[in-house]
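Here chain A shows up in two complexes: once beside chain B, once beside chain C.
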Partner chain A sequence: MSSGMPTPATGAAGAADGRALGDGPGLLDTPKQPVQLGSAQGSWFSQVGWRHIVALLAVAFSLFPIIFVISAAFNPQGTLSSTTLIPTGASTENFTGLLERTAFKHWFINSVVIAAVAGALSMFLSALAAYAFSRYRFKGRRPGLMFLLLVQMFPQFLAMVTIYIMFTRITELYPSLGFNTWWGLIILYMGGALGVNTWLMKGFFDTIPKDLDESAKVDGATHTQVFFGIILPLVTPILAVVGLLSFIGTINEFLIANIFLTEGNSKTLAVGLFGLVAGERNNNFGIFAAGTLLTAIPTVALFFALQKYIVGGLTAGAVKG
Partner chain B sequence: MSTATREATGPAGQPTRPSGKGGWGLSGSSPLALAAKVVLLGMVAAITVWMAMPLIATQSWVLLALLLLSALAIFVVYLQPRYIPPKYLVPGVIFLLLFQVFPVLFTVSTAFTNFGDGHRGSKEEAITAIESSSVKRVKDSATYSLSIATKGDPATGDLVFLLTDPKSKEALIGDATGIKPLEGAEVSSLGRVTAAEGYTILNAGQASTRSKDISNLSVPTDTGAIRAQGISRAYEGVKARAYDKACDCIKDTTTGATWKADGDRGSFVNDKGEALSQGWRVNVGAGNFTRVFQDKTLQTHFLSMLAWNFFFALAVVFGTFAVGLAIALALHHPRLKGLKIYRILIVLPYAMPAFAMMLVWRDMFNQDFGLINQLTGASTNWFGNPWLAKLAVIIIQFWLGYPYMFLVTTGALQSIPTDLTEAAGVDGASKFFSFRTITLPLLFVATAPLLISSFAFNFNNFNAIGFTTEGGPFPPESPQVGGTDLLISYTYRLAFGAGGAQYGFAAAMSLLIFLIVAIISIISFRRTAALEEIN
Partner chain C sequence: MADVVFDKVNKVYDNGFHAVQDLDLDIKDGEFLVLVGPSGCGKSTALRMVAGLEDVTSGEMKIGGRTVNEVSSKDRDIAMVFQSYALYPHMTVAENIGYGLRIRKMPKDEIDRRVREAAAKLDLTEYLDRRPKQLSGGQRQRVAMGRAIVRSPQVFLMDEPLSNLDAKLRGQMRSEIAQIQHDLGVTTIYVTHDQVEAMTMGDRIALMKRGVLQQVAEPQEMYENPANIFVAGFIGSPPMNMALCRLDREGDSLVVELGSQRLRLAPGVLGEQPGLERYIGRDIVIGIRSEDMEDAALTKDAEHAITADVALVEALGSQIMVHFSLDARAPKDEDSQLLAAEQGDKETAALHSDEVRWVAAFEPRSRVRVGQQITVTVDTERMHFFDPETSAAIRD
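The block that comes next holds the complex of A and B.
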């Protein structure tokens, strides 16, 4: 089998096996073995104390813009100029204003539905392709993998001229897949389902011992049974990671959504919120901040739900590339 | 086993199908798999029929043929038992071809044309546009009663003119292609069309919101064009400029000026070299590419932009990686209390909506009421100075990106076996030495593909600029290129900017950007593959 890490050490294989079977190191795990290089002596500060300082600095840097958003969201005046880092009030005016004055509810539902469906579908399409790339040897396999990566490096927005022309025609022929529809945007996003994510997945699939599927095949299992029955349950971490990455990517996507969704109620959060501050930058800032906080809820929730898979999934997939 | 050695084993990965289960069709599957296959292929057939109907109705035979061929290909792939990989690749590849490969190929093909504002359609379309926009009202122009209607939504649908000839009271319908009699119309006693089958007539309020579309609509006739005058009357004007086939030129009937067709430029040009604004689309060969390399001002901008573009991408990738790794190392200690909560708080930026946080950061850098100036007590004009603006966009992108690198390196550190560094320690190596010679190379191997794709992403990170500085600040001496413009944001303005769209030129720029990124990525991948072999 392929070890998780191409190291000269035999000990690596065991560590990779553990991850391959789906219980990789989680975001919240502490390192299991003590890391003590050389002697373990020294004062508390040189051992642990300075680490707290680094951690606190990092936390402060990570959090201060978020605290600023929270402060702005609860700022009763709702303007940028009156917002400070430390909250000055606790008014829910911005939230009620957001819900009453804008189509935020529609934007929210549109975004969550589109991101969830597109994330799940692209995870599935990617897993199918990764299975073929990991388990079969066929002509054009390596160029195919390289092509997947390169095609995504092409600057997307010019292709939007084409996409616009295409969807003008699609809107005439099939209004249910046209502009301002969920399904139209979802199938458009499916164009990017194969790409870096397929590489991540393929790398993880490679860490699953091939003996497993071969012995199943000897027992008469078909390739579909191997895929759904053996492989998929073992690759949950990378499925979680790719699903999450697609979800975050979709919910944040602006360029395509902005030309695709023009009717008020069909907009996604990215398009709708951008419209709030595009013109009235200072005055709408509180409402915008409230919208940003609410937008973060589905992503953060998904992030915590999947956190135990994330670190393991990201790195194991990265190893083989 | 490395990828390279497995590649060499060739078709060993092919499944050995139990004998007697070959052949075409649906034999040789378990009942459940068989049922699933029938249902899924049935869905493909149903979708094909659903998609075919509008194509038949609109007589789009080429698209119909493509659709049927694709459907046939799908059936062949899933009914034949021999080749397994296509069965798993086809679903993703269909979407990839439709929405990535096809648009990219179309973009590449426009890179060799002058496609853009004023050069969108054919020569005939350009002539029609020139002639009908030159229509002037003359003394004895015929007038019509006008109703404005649409087949679609009154706010957005394409407009048509419903006209009645004041003398004959005959109802006519006119759009950008011409005029023809209107069947089944109700005409009021005043002579206006009040209803027409299949059309919605706009009321005064709806019409007034679309006054621009109405005044732009010009219905060509034999001698001129019909244009609206207000929303209830239209006149038939005479065209002041007309195309003359004999000289292949446009002649102005009142001034006598002529513009000759120039097939290389796709424009009508007079003897002073001035072109009419409506031209047509022609092939310009490599003209767009030579323009990038030959144009003096563009050349200096291109190189300085390229330099900043590289600096931005590298600074962001290595900055986020170095800091992410440093924090991961600092937190990689078994006796550190509060580790879980630290990690969650540090990665929180990654979970926030990036586009919104970029806008928030933009406002935090605001000179007058931004948080940064508020906290430091300064009144720095962050986005007014090109260097400070560059620093600001790097800081913003750094904040968004370092939690990801922290996550990745944390995971990689946990998967590096500790016995390696312990053994080095026993052998007397210093901590730093064992980190540099053991941990760091392993980390690089583990994260190289992510670093390369992160570089490619940031090289073309349009959002990082578009949501913050929009390319600015723009120096007064060269207002086209801003201090923080990446190649991509500059190209974006070329393609969609206020100066009129230049898709052909923008497509050529995109192709160049793509080549740069692709070549760097391929070289880096080759090098990391080599690194992997050594380890």
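The block that comes next holds the complex of A and C.
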């Protein structure tokens, strides 16, 4: 930050120049009056400095909870009241406790697998739907789009009772798709995310010139070849965004997962970690904080892996320019 | 290679817009046909129907004798160059050119050989590893051409391929495309709204207006014998000079009343165009090309001449374009109005309807100045006559 700040000397010179230009005649009238350093400093602050203050405040605001959680995770006493922003003592006791005394490893694997599979599948399905909605003109296209949007407007838990009854039957008939299974939850999440993702992607697909599809078709490509060979490579930014959003949404999802997953080893991180602090007493917030820190790892890792795809501009140069 | 036949082809869009009406067109094997017309005349739609990108509403579309109405684009064995070039941005030049071959599962070394061959033909060899966005407009245009020629298709389709280039490059690519087409001998349909491209590139021109084919002819034939006022006004630059006048007989020759002036036609005119007999004593639209008028001071012919005040002089070196107004009536038919709108002719709009602006091409020896009153000799034997209502040319 300091490298971006001009030294007071150059700042003063800059301000003096500005004054000389702005108040040219005034300065000529009183040529002997020295330029005030203080007022120069003030004008630097009013022009640039306040932005740094705002930025610092924003950074402090957003970092505070994270630092507090880190501090709590390393606090050996494991209570909220004994945790301060700057840790008083450091130990990895909470982490070892988490790994040894809870089913954290199972929860972690469950969460990552479910989020990855559901995210990838919903990304693919909504890409297919978005392609159709963006490229083809068919009966029911507009109502279909509206319906997708409308369904999104109802909160998910409205369907909770229905889902519960449905899955009670499914668990009886096909236990491998029922409660406490990966696939059951994955299917549920896929359906839930489809609407928003399809709309998001359709918007991006619309920006890919239709000439490209037509050109590929004339070159001899089938619809499938156009989709996988031409369109998909060009929409990677939105695929990355949608994939990341679905992953985060899924890995953080609590409400449905809490109803769906009741057995200890089948829980996801959100459900499992909540269980650690849901009791009325004996809540070890230190272990909970350690768990939340570890939970952030897959999300952050995915973000870094996808970061380079989230830059747009791939389509530049497709058409004239 | 194959011929392309439109047999009573119609295209009606879902919203009821009749884009192409009863199009009958027979494009011979190896021919370079230019489809020309103002924007919205249905020329692009016609091309896209050949490509299979638009359905044919009625009629029959044939390529190489095979009816292709229900054949999908990829099975028609055609190549298309788009106005936007439509290069695949995520592929290199080589991959772009070879895409159609890869789709057809051609062996790798064969693809490579063909891509290099096409690239060499278009001077693209050194750019093969670049991506489209690293190329200039002209180079992108070449890649689009390369993608078409590498497949040696039966038909080339080009949809205003030069309209995104600057004037100089356009002129250069124009001759290059014509040369490549000539070398390969592939049947080509080329869509443009630029009559210069149409005149210079095509073996034949097909001119369309509002979805209806107006005339199909070789460029010079179309220039010299336009079928109606629209063709006459669209082909040629500057456009043909026209005026609505009354045709009279005076002795054994014809005279047109051009506003307050009377222009005596050469004695042979009636003999060559006996159809004019029917219009004697009635209104008729006359048309005259710029180069068929000359400074009377040079021709020493004042008999078939009109006088006018010079409004503007443009010296082009090889000739001098002289603009002048006449107090004659402007044609009122639909074609003339469409042409005026097409050319966005502010000058005409500003003028009264009983005033027309003509442009004559004089020899550079002429010493005409702005504001001067001049006498213009009109080569009345090369004058065109049109029916003022139907706008059709009066021949025989």
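Definition applied: the second predicted complex is superposed on the first by the 252 of 321 C-alpha atoms of A that agree within 3 Å, B and C clash if a C-alpha of one lies under 4 Å from a C-alpha of the other, contacts with A are read in each partner's own complex, and residues count from 1 in each chain.
Note that contacts are C-beta pairs under 8 Å (C-beta built on N, C-alpha and C of every residue); 3 or more make two chains touch, one makes a residue touch a chain.
Note that the structure is predicted; figures quoted are calculated from it, not measured.
**Q** With both complexes superposed on chain A, which partner does A:Ala116 reach: first (chain B), second (chain C), both or neither?
**A** After superposition on chain A, A:Ala116 lies in contact with neither partner.
**Q** Could you look at A:Gly220 and tell me whether it touches chain B, chain C, both or neither (first, second, both, neither)?
**A** After superposing on A, A:Gly220 lies in contact with both chain B and chain C.
**Q** Mind working out whether A:Ala257 is in touch with chain B, chain C, both or neither, as first, second, both or neither?
**A** neither
**Q** More residues of chain A are touched by which partner: chain B or chain C?
**A** B
**Q** Between chain B (first) and chain C (second), which does A:Pro209 come into contact with in this model arrangement: first, second, both, or neither?
**A** After superposing on A, A:Pro209 lies in contact with chain C but is clear of chain B.
**Q** After lining up the shared chain so the two structures overlap, which partner does A:Leu150 touch, if you call chain B first and chain C second: first, second, both or neither?
**A** First partner only.
**Q** Per the definitions at the top, what is the overlap between the chain A residues touching chain B and those touching chain C?
**A** In the superposed arrangement, which is not itself an observed complex, chain A uses residues 217, 220, 222, 225, 314-316, 318-321 for both chain B and chain C.
**Q** Considering the complex alone, what residue numbers of chain A touch chain C?
**A** 209, 211-212, 214-222, 225, 229-230, 233-234, 314-321
**Q** Can you list the chain C residues touching chain A in their complex?
**A** Its residues touching chain A are 51-53, 72-74, 78-80, 82-90, 99-100, 103-104, 131-135, 137, 140, 147, 151, 157, 164.
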